Amino acid sequence: MKKITFLIALLFPVLLNAQSGKVMDNLKMDSKILKMERNYAVYLPPGYETSERSYPVLYLLHGATDNHTGWIQFGEVLHITDKAIQEGTATPMIIIMPDADTKVMGYFNVPDYNYEDFFFEEFIPHVEQKYRIKSTKRFRAVAGLSMGGGGSFMYGLRHPDMFSSACPLSAYVGPLTLEQADLSMKRRNPGITDAQVKSYFENYNALNLLAKADVEKVKSVRWYIDCGDDDFLYEGNSQMHIEMRKKEIPHEYRVRDGGHRWSYWRSALPEVLRFVSDSFHQN
Amino acid sequence: MKKITFLIALLFPVLLNAQSGKVMDNLKMDSKILKMERNYAVYLPPGYETSERSYPVLYLLHGATDNHTGWIQFGEVLHITDKAIQEGTATPMIIIMPDADTKVMGYFNVPDYNYEDFFFEEFIPHVEQKYRIKSTKRFRAVAGLSMGGGGSFMYGLRHPDMFSSACPLSAYVGPLTLEQADLSMKRRNPGITDAQVKSYFENYNALNLLAKADVEKVKSVRWYIDCGDDDFLYEGNSQMHIEMRKKEIPHEYRVRDGGHRWSYWRSALPEVLRFVSDSFHQN
Amino acid sequence: MKKITFLIALLFPVLLNAQSGKVMDNLKMDSKILKMERNYAVYLPPGYETSERSYPVLYLLHGATDNHTGWIQFGEVLHITDKAIQEGTATPMIIIMPDADTKVMGYFNVPDYNYEDFFFEEFIPHVEQKYRIKSTKRFRAVAGLSMGGGGSFMYGLRHPDMFSSACPLSAYVGPLTLEQADLSMKRRNPGITDAQVKSYFENYNALNLLAKADVEKVKSVRWYIDCGDDDFLYEGNSQMHIEMRKKEIPHEYRVRDGGHRWSYWRSALPEVLRFVSDSFHQN
Amino acid sequence: MKKITFLIALLFPVLLNAQSGKVMDNLKMDSKILKMERNYAVYLPPGYETSERSYPVLYLLHGATDNHTGWIQFGEVLHITDKAIQEGTATPMIIIMPDADTKVMGYFNVPDYNYEDFFFEEFIPHVEQKYRIKSTKRFRAVAGLSMGGGGSFMYGLRHPDMFSSACPLSAYVGPLTLEQADLSMKRRNPGITDAQVKSYFENYNALNLLAKADVEKVKSVRWYIDCGDDDFLYEGNSQMHIEMRKKEIPHEYRVRDGGHRWSYWRSALPEVLRFVSDSFHQN
């Protein structure tokens, strides 16, 4: 028996190379809140089918003009996560990729489209019941790019009890002025009232949210913020870094070489996986 | 010892399946247009069977005197693509290898053999329905060698709405003169008329096609052209480079050390996979 | 004898790698402008003594409380530059490290201490005549950390005709408000007038300089700006990034993991050498 | 043990010097033919000073707007050649870099500026007598970029008895039409006659020279031609490839990814050194 153990140990590195996770990009659920069907995609870690354990979860949000399949096709979530898990820089986790593709306003509540309510009241319960997910703050993280980076900021700031880490990449932090909010809201929703626009500006602009936030609660989330030096969203992210520093909210902040592109986000993903794993690992 | 062997034998196939793609070289479909059965081969990426996602597709064309099995047997498509996907230089994709082996004229329409019609009207719909393929221009590429390099040029130039990239390798760009066309067509089809020869020369010579093409449409395809310095097809490829530069059509062009040989094409394939993945990745 | 041969054979790989430049940290020159002697240090690239060529030059500025020996002792300029040259990421260059150590105001003109005049009128001519230095803008760069990062910003902004690149690291961009300037100037120079403080604030604050600069001239300098996410100087650097983006002045900007420490600057130096070499190399 | 230490101490300086070549960029000679002084630069291989052997020679020509220092400063000839010799891909050789910087016509004979005569009658004899150079065709090669690529083509075609190899990089093959020649000659030399322009066009256009050349003599030179796919000089080089293939003149031809830039030429130089060494090595 010792020999066998030895032989297997010898084979192990070879065999370990063979481990692969699994992605599904064609899942659906009915939403009562949205009164429509919503798509989503899932990454399951290597060995999910045969293991009998539960896993931490990362909600990974796509950007504008994209959908739930973006992180799989363009973001190489399967290859990158498999590799990070294999190398031990990330812990095995489940990744949930919702579809917020929309002509309206993405991840938030706007008139007749309460996506944020759907996300927290229907979607999270649905997937955390369907898959073997550890359903507590410690084991739940959110990350995303562009509009999904905005989602990560806002979900982390508005729901600090839900996530142990939040990782906005190349984030759209929201309209920088009320005028900008007015313009973009009314273009999409001609019937929207001034009061609704003002409410949206106050609730879905990361700088405004931060200004009125409970600092201790915001500190209970670990933050990883990354936005390239050539990204057109440089201003909002630079301002968030300044304001979080002034409020002494710990956060990792990176500005690397690059713009608003998938090549940037693919090279960000390994660091995001490492960062959220630090919470899951209880370092 | 038997036990060990048994244990390893048991472990091996499962584990090996998890990291390797799969090739099938004995597939068939009936063509109404050609009134015959046509063969084809397929490469499926690692994890295809268990994943529930869809994939981009590369149509990979063989050369004269060869058939749909060439890229598998001589081109090492399985090993090279598995390696590129594992290293992250290529995204998981499905590769379709049709059979245009023929005494007549390969990938194009000639009297009584409308292969091009078959390819676009029957073959693409057949395989894109049979496999989980993303069926839009962005996620579809074509590449090939020699006669199949000609196919890649002509399909890209004549159907720019169908492919996001085209990669002619050591391409036969078509008869360089009407006399050449006349000679070769009449040798194969004694009954062919002069008008038919002239039409063929105009429609299946890449230089002629380029001269009359809608430049903006040709630019919507990304081009990767590679032909060795010892290749007998040097002239047509050099001319295509000159003419595409004069029309300011972006294209990658490589002349490496080598001739019209499988060793050249095997060393070209990783770059082709990387290049088509750049489109699939939305860099 | 065999032993010796063996020993030498063993040493050989080490010796082959052993090409080294040379540093001198005890050089002096008399300044008529400052009416005192000033120290400086020099790095000469491998082969300087035997070659008969001339070299590009990098002026590398130290921070507050330090002097011309800092980049040698704490910054490992010899080891890091030798390695970069050996690996081909940097071109052989001369590095000049002046001493601006001072209880007064570092690299700039303040009452009774016109260091900036000294630097451009006496120091540069002195060293560029003493060593085989190519004395044109293309082949001259400036970099520095903290107070020396401020020097790099101010020298690049005020003397854009002198440098092809400027690389402020963890830069002190100057007092952010007139009040700050007032406080810090008067603490060091009790006799200073309000007008002198105001003039200093306008001439030695990078944001003020940028606001009134000739944008085309500023663009003629290539910029590389780097400041860690834990650095206490985060605000000025973030603001410079925002303002340079708004003025469309190309610049590389990096925020990496770290604070105001030598470990950060040692890991920044290879990139600085690569960046200034890009100008020297005429890529 | 003391002996060993002593021996190593003794060897150290020798060994340190023994692995690096040496460059000089400030050499001069008087030309009777040109009635002026001409600059040049030299690379001497590692160990040149202490060895008592003679070496093969590569004449390495710069491009327009540059001079004899270009291959040293921008081309990294010292680092790249040292590395190639150390790795054994190139044989130790002397590299001579002349200065053809000129408002007139570079490497060729034009009215009142017979540079080609100077080069073959004065310059080669001067340097091959001054340095320990093997002065026969086998051990002499020429390479260059842009205008110096044109020099390499023309010197190889017009003086095939002088060089065992010629390596034009991103070569200007000469005016492609008589009209082009006329325009460029008359702009530089208002007094030039039509006959002189015609003569120049016939003698300094590589395609014309090839058309009338003694093919066997041209074959006695080994050719290495390299021009990037983004280079504006694509047409002349593509045409030279076509015409040399048609005349069955063996030649290596490369089209790599890149334009008319030093980064391209730096990555070409190792291959040039390997290629000319193949002749020097008598493979």
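To keep things simple, chains are lettered A, B, C and D as they appear, and every chain counts its residues starting from 1.
One rule holds in what follows: a contact is a pair of C-beta atoms (placed from the backbone, for glycine too) under 8 Å apart; a residue touches a chain by one contact, two chains touch by 3 or more.
Chain identities (UniProt): A, B, C, D = 1,4-beta-xylanase.
Predicted model only: the values in this text are computed from it and were never measured.
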| item | value |
| --- | --- |
| Joint neighbours of chain D and chain C, given as chain labels | none |
| Distance-maximising chain from chain D - centres being C-alpha averages | A |
| Distance from the mean Cα position of chain D to that of chain A, given in whole angstrom | 57 |
| Distance between the centres, which are taken as Cα means, of chain D and chain B, whole angstrom | 41 |
| Chain B and chain C: spacing of chain centres that average the CA atoms, whole Å | 54 |
| Residues of chain B touching at least two other chains | none |
| Contact pairs between chains, per stated definition | A-B, A-C, B-D, C-D |
| Touching residues on chain B, where the partner in the complex is chain D | 229, 234-235, 238-239, 241-242, 245, 251-257 |
| Residue numbers on chain B that touch chain A, as the complex places them | 3-4, 7-8, 11, 15-16, 18-19, 46-47, 50-54, 56, 85, 88, 91-92, 134, 139, 280-283 |
| In the complex with chain B, residue positions of chain A that touch it | 3-4, 7-8, 11, 15, 17-20, 22-27, 41, 46, 69, 72-74, 76, 78-80, 83, 261-263, 266 |
